[in-house]
Amino acid sequence: MPATTAAAAKLLLQMVDDYTQREISPYDMSMDAAQDFPKGFVDKLTKTGFLGIMLPQEFGGAGFGPEVTATVLNHIARGNASTAVTLEGHFKTIDQILKYGTPALQQALLPTANDRIFAFSMTEASGGSNPMGISSTATREGDHWVINGDKIMITNGGLAQVYCVLVKTAPDELSVFVVDQDMPGFSFGKREDFIGLRGTPVGEIVMDHIVVDNDHLLGKLGDGGVIGDSAHDDARILMGAVLTGIMEHELKISTDYAKERKAGNTPLTDLQVTHRKVADMAMRKETTKLLYQRAAQLKAAGQPYSEEAAMAKAHGSRAAVSAGDDALQILAGYGYSREYPVEHLIRDARAMEIAEGTVEKMRSAIAKAEFTK
Amino acid sequence: MSKPELWVIAERRLDHIEPTTQQLITKAKGLAGDQFSVVAILLEATNDHLENELTAYGPDEIRVVRDDRFPTATDAEHADALQQLVTAYQPNSILFGATITGRSIAPRLQAKLQTGLTADCLDLRFDDETLVATKPSYGDNIMCEIICPDHRPQMATVRPNTFVAAPTTGDATVTTATVTFHPVDRLQVKAATPVVNTATTVGDASRVVALGRGAASSATIDSATKLAEKLGGRIGVSRPLTDQDRFTHDDQIGQSGNTIHPELIINFGISGAVQYLVGMQDSQTIVAVNADENAPIFDVADYGYVGDAQAFMTALLGQFN
Amino acid sequence: MKIVVCLKQVPETNDVTIDPVTHNLDRRGLAGVMNPFDKNAIELALNLKDSRDDVQVVLLTMGPDDYAESLREGMAMGADEGVLLSDRAFAGADTLATGYVLAQAVKKIGDADLILFGRQAVDADTGQVGPIVAEFLHQPQITYAANLRLSGANEVTAERLLEDTKQTLVAQLPAVVSVRSELNTPRYPTPRNIQLSFNKPLTTWHHDDLDLDDSRLGQAGSPTIVTKVYAPEPVKRELTPLTGTPSEAASQLITALKQRQLI
């Protein structure tokens, strides 16, 4: 990293830590209970410029690279994972517009990404794992496209204003269009009642005869599968970062508690059973951190990073659930209590064994990559 | 040869003497022994007689300078008057209260005299004629002993309520001195109004009424609000009470909330979990009221009452009137 | 209108320890951050800048080269430029010697209408440098300002909260003001402004760039000497039980608090 970039990254992380401690952490427990961000929370995040962290400066963003961006989400997730995941959903979408959007589409959309949350939607009720099974369509009518369909389980669904949607443009052809919540025919459906990451809205959009022109096509016709895979890759790096942050939170709770408590007359910090758990947690955290940073470095260097991104998420999600389980056991009764955050950290981490591709899919992808070597 | 002088700069607080001045006179007398003469310096209006509030504490001399402009004089005007007195009397050392006024005038005077000033001291002693001032740093985590060997006078501001004022029987001589008042037109005090409570948050309140799970009823909170008003302080709460509508995270005391060290904290119905204690155990005077006599809060308290929080609070409020 | 904000860099935490062997302060591994109270002074300057077109905000600090990070942070918040006063000759300065160099630098910056300070630094906790600079510049001072507004072309009106009095003060500019932390909530530097701050001018002035009397610099120019540094003994408290009925106990407490001059 050039000296200026490193100095800017240091200042940024200092600001992020300060902001997380004062504006995000205090609401970690309450947003899990309320199943929403507090009032004004997202506005303040937006006003402070978080939405533009990785957006290039030419579009009014800050233009930080993949490594710094992932590290920011890691630090935010130490305070609250939902906030980090909402940013992850936004950033992965911007990434696809940067990779596949025409200059005209980028000029039209990206300057607004500093103030509006973007979302990427693939899943439908008919099944998320097989993209060819989707039933949303875009049909050409003269100069325009008409989009119909129903997308569910969208990260930031209902909160985001701009949606990249995966649709069929022919029976065997998947493409991505960009639609806006203000377009006629656009409406929001139900919000999911998930057990973890409960601050982040996950919801449904309904597209009923939305008319867009050809400029709203992302990439070329038939690029849908490639763009979808790419969005997954970018999301998985960031999820590795979020999971690292969750584990750092779990470790902090565990070590703070162990330093204060005794079992009988023995401090918990002198018990080998505590050592084993804390050491395992630390190793899980550190390996996940190395994996997401490695993937981010490859991405920054313009090299393939799909396999490493899958590893970061597959390894990190189980690691964070296990680390949460260890933390719960160290805190014992308090760990099992809703008054302490451990139980919701486990629920938060568990989401990432499913979202952006299940761990089973990750393993298939990693194995296939290995077979080709 | 007369003894070198140790000065205490008397401070006005509305129509009275700021208690820190009395505390400093008592401390100065203890320091002075036969070596120094303790002189209280009082700048007041012609019809003021604030010296009457100082005599009981037994300084060797109260040196009064009268001018009707003093009660509304600015920091620089005060410092100018004091500089003239320093030039005339050449004191060995000058003590100020580390109040807002003291901490504003003292460094201005220091710069005029080009001497050393140690801020917010918690202890003072003399090694021969050298004042050794102990000041906390790094949020009271570190203590520094500081001297000013080659410049006179030596100066220090001292944290309020560090020492206890003790009236004595000795008589103080009241003398008058004169200075030329040099008005500074570029700064005017336009108004001064008394306010009971200048604290806006629990973090900057000098008096705190703290409530926990054992003092969470709405009636108790109402009483606590009145008590905090009477004390000129704020209410703070332990974590469980932040779930109540009347309180937010900003009101919380403890590891995940505010770390506070007010002059006085009265804890009602707080057992004293470690996370709470680290947020308040450096308070100067700690009072604890709790039904459980084994509550850890009593381990850090100066005064403790085992019993019902509401009953005690009601009694305390009643006796305030 | 030109506003100079003086700031200090402090350790990121006050959890410092004493080396048991050397008895020196162990500050190893402690990153430096801008003194949090100084952000209130910057925020005040930026509010004035937001309210009119002609305001230029200059940040000023004295310290080693890494203090540039705090200047950069202030510029990321929105200040226009930063000046770092860095020289071996300045090292070891107490408040008097620091105030002298800052005052000389303010003169060199020139035409400053307002010189702002935070209420105090969180490490040394003195709050002395503002009044010292005011004296050296022969300017009026308003310390612990609870709010401040421009009340005329060349005039500010401020409120100052004393222990139990609220003063309203009117100062003709130029003037020195130190601010209370309750004055405002400092803005966060946005990620974009962090990047753009690296395009703003940051100048370092060494000894020879300023008009200085060497006898007033650094250790030689500092009247005070730290002779001993130690960790305080934990306060041992002795519990005085309050006994009897609630009313009897309350009366014992009131007597005790009166003795301590707390009520």
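Chains: A, B and C, in written order; residue numbering restarts at 1 for each.
The rule is short, and it goes like this: a contact is a pair of C-beta atoms (placed from the backbone, for glycine too) under 8 Å apart; a residue touches a chain by one contact, two chains touch by 3 or more.
These figures come from a predicted structure and were not determined experimentally.
Q: So, comparing each chain's Cα centre against the centre of all protein Cα atoms, which one is closest?
A: If one averages C-alpha positions chain by chain, the most central is C.
Q: B-C versus A-C: which interface comes out with more C-beta contact pairs?
A: Between the chain pairs B-C and A-C, B-C carries more contacts.
Q: Express in whole angstrom the distance between the two chain centres, defined as the mean CA positions of chain A and chain B.
A: The answer is 52 Å.
Q: CA centre of chain B versus CA centre of chain C: separation in Å?
A: Chain centroid spacing, chain B to chain C, equals 21 Å.
Q: If you average the Cα atoms of chain A and of chain C to get two centres, how far apart are those centres in Å?
A: The answer is 40 Å.
Q: Using the touch definition up top, name the residues of chain C that touch chain A in the complex.
A: It comes out as residues 33, 69, 72-73, 76, 188-195, 197-198.
Q: State the interface residues of chain C toward chain B in the complex, per the touch definition above.
A: Going by the criterion above, the answer is residues 11, 14-16, 18, 25, 94-96, 99, 122-132, 134-136, 139-144, 157, 160-172, 175, 181-182, 222-232, 235, 237-243, 245-247, 249-254, 256-257, 259-263.
Q: With touch defined as at the start, can you tell me which chain B residues reach chain C in the complex?
A: Residues 13-14, 18-19, 22-23, 74-76, 79, 99-101, 103-108, 110-112, 114-120, 132, 135-151, 161, 164-165, 184-196, 198, 200-201, 204, 206-207, 231-232, 263-264, 282, 285-287, 298-308, 311-312, 314-316, 318-320 of chain B touch chain C in their complex.
Q: In the complex formed with chain C, which residues of chain A make contact?
A: Touch list, chain A to chain C: 4, 7-8, 10-12, 14-15, 18-19, 48-50, 52-53, 57, 60-64.
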